[in-house]
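Each of the two complexes below includes chain A, the first together with chain B, the second together with chain C.
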Partner chain A sequence: MIFGMWDSTYFHLGPIPVDHLVVTEWVIIALIGIIGFFATRNMQMVPRGLQNAFEMIIIWTYEFFTQLMDKEHVAKKWAPLLTGFFLFILISNYSGLIPGASHIEGFQPPTSNWNVTATLALITAFSVQVAGFKEHGGHYLGHFISPSPLMLPLNIIEELAHPLSLTVRLFGNIFGEEMILAYMLFMVPFVVPTALMGLSLLLGAIQAIVFTILSASYIAAATGEGH
Partner chain B sequence: MPLVLFLAMMIIMGFATCCLASSGHGGDMPIARPEGRTPAFGNLYVVGWTAVNFFILLALLYKFAYNPINEMLEKRSTTIESSLKHAEEVKAEVEEMRKEAQANLANSRQEAQDIVARATKAAEDAKNEILARANEDAANMKARATAEIEAATEQAKAEIRDTAASLAIMAAEKVLGRAITEADHKNMVKQFVDEAGDLLC
Partner chain C sequence: MAQQKKSWVRLLSDAINLATTVVAAVALGYFGGRWLDGKFDTEPWLSVAGFLLGIAAGIKAMWEKAMDNKKPTLPEKDTEDDKG
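Right after this comes the complex of A and B.
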């Protein structure tokens, strides 16, 4: 089988081709949506069960991003986006550990395709600019010519390098991990892949956290003082 | 340490199995040999779908996680605030009631003291009145008794005087041996009695 195929169109929705990856994304989103639906279906004054867990997680995200970004209103505004990144990337990464992933035609973790990671990174880049403008208004443009107008090209390159690095880091890690798992499973089907799968669990979580924290720090840099 | 040993052994056994399998069946593996190929970059359909999907995910997160939980947190903090306020109010009310009760108690005590004082005074008055009446009665009785005694004394004196006169007459008759006239008699007796009475009294 060919691993890493990107053009494995599953079906056509009208004239638009739908990739396998997109269907995997739908499943991931549906999973998150269903859990969310059941967690907050019947909100109680005194939380228990899933609702309690969800509340704890969401309050924790607020606190975590507030610590990271210094400004509470910015953190509260962008916490859902960052949490969305984290959940989507985490579950995408872990979908590569489901038996059959990378061995069934078209069933690969979406994050092992750099079209997907590039989209996520572009959303981050766009959000950074939006956050900067919302926080500082027109003054935000000043940060492109700081400390001197000579730095303009470098600043623009920096802004472009952020999404590029996010894209390639996530894609490379997950693609590589999936490749290694696939080859290991081919060469040594017993025991050895288990250890690698344990590592993959760690790697998937780390990459999700890294992507989220870097996005948060880019937003924090754009909204922070000193621009 | 035993875990590391165990894992190492399993790896060696795994490789051995793999080698045996590949030599025995000539590459007829249960799992297909993967062929890695870097996915092409720039599939705009995937990019577009991913963006749409991610925004759907965001919408779901807002709908099912952030919005209801923010609302609930808001509601909870309002409830807690109002509960605290209510508790404060109740506390103030209780304090007021306690003060009122204390004031009432003090009033009652004062009233009771007043009542006792009034009763004591009334009893004192009654006692004084009774004593005064008793004294008066006693004085009256004493006066009456004194009067009676005086009357009896006077009567006894008169009786004694009469008796003494009769005795004197009898004695005088015996001495004179004859009856004296009524006029003499009366004179003598009167004289005698006067003298004797002066002596007696």
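Right after this comes the complex of A and C.
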């Protein structure tokens, strides 16, 4: 069976069908949770091992988002969500790189399905509005009619274009990459796809970074001085 | 308040953002207009209007970013200065 051909529902949660992509997402979330649990178990004043590595990553993340978002308190508030996006997207993108994954149901990267990328983008869009209202209160609505009320339709289109571009970019890149990889593995199963898998490693990381940076920049724009 | 020099991360995000926002705005305007045309049986007027609005929204986004980058900048302050 070739990648993208499955339409399997494992079970229903009430009216909601749960397919292999949802289960893969749960596994990825559990994996991140388990690593987080082990990193924060027995926290020491002088960190060692996994705690040390995680503290380094978190400090770097705070600095990175502060640089990107200008305001430190905004960066600290939204860094956990943005880092969560990064880890989830990165592991999702890489889940398709396990040898033979494209031929195994359940190993298809969740990010190669637009429902998943649209959900992530909608979370970003919702967070942007929340961040804007928290920072500026009711004045935040003023940016929709800035610099003049005539600009209202343009500002609404621009606001809606952000989640659309996030959705399509991540989905398109990962879906395209997985399709090429799957067909190449189908035609030449050994050695040849290795180079493409190496490229996919790079592409997966770049797409995770791009999604995170863009989400951060949308939040920064909503909380910035211009509003 | 004088604006600080933008970090490379911010400039990179601006570049990625603009490239896709312009395309997404045009697509959104056109397909939104086409959907409304189907609803109100006004083909092709709302598609055309949506398409033009999308282009205008893209140009506005580019213009705002260009003006934002044109503002006078100061070199980045050192951490020590910030503390002081």
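Here is the rule we go by: the second predicted complex is superposed on the first by the 216 of 227 C-alpha atoms of A that agree within 3 Å, B and C clash if a C-alpha of one lies under 4 Å from a C-alpha of the other, contacts with A are read in each partner's own complex, and residues count from 1 in each chain.
Here, a contact is a pair of C-beta atoms (placed from the backbone, for glycine too) under 8 Å apart; a residue touches a chain by one contact, two chains touch by 3 or more.
These numbers come from a predicted model, not from an experiment.
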Overlaying on chain A: chain B and chain C, fit or clash? fit
If we overlay the two complexes on their shared chain A, which of chain B and chain C does A:Leu164 touch? Say first, second, both or neither. second
For A:Ile16 in the superposed arrangement: first (chain B), second (chain C), both or neither? first
Answer with first, second, both or neither: which of chain B and chain C does A:Leu68 touch in the superposed model? second
Mind working out whether A:Leu150 is in touch with chain B, chain C, both or neither, as first, second, both or neither? neither
Have a look and say if chain B or chain C is in touch with more residues of chain A. B
Between the centres of chain B and chain C, viewed from chain A's Cα centre, what angle do you get? Round it to the nearest 10 degrees, please. 100
May I ask you to decide whether A:Leu214 touches chain B, chain C, both, or neither, giving the answer as first, second, both or neither? second
For chain B against chain C after superposition, the smallest C-alpha distance in Å amounts to 15
Using the superposition on chain A as set up above, list the residues of chain A that contact both chain B and chain C. none
So, in the complex, the side of chain B touching chain A is made of residues 7, 10-11, 13-15, 17-18, 29-43, 45-47, 49-51, 53-54, 56-58, 60-66, 68-69, 71-73, 75-76, 79
Touching residues of chain C toward chain A in the complex: what are they? 1, 4, 7, 9-10, 12-14, 16-17, 20-21, 23-25, 27-29, 32, 53-54, 56-57, 60-61, 68
Once bound in the complex, which stretches of chain A touch chain B? 1-7, 16-19, 21-22, 25-26, 29, 32-33, 36-37, 39-40, 43, 45, 47, 54-55, 58-59, 79-81, 83-84, 87-88, 102-103, 110, 112-116, 118-120, 122-123, 175, 179, 182-183, 185-192, 195
Residues of chain A that touch chain C when the two form their complex: 64, 67-68, 70, 151, 153-155, 157-158, 160-162, 164-165, 168-169, 210, 213-214, 216-218, 220, 225-226
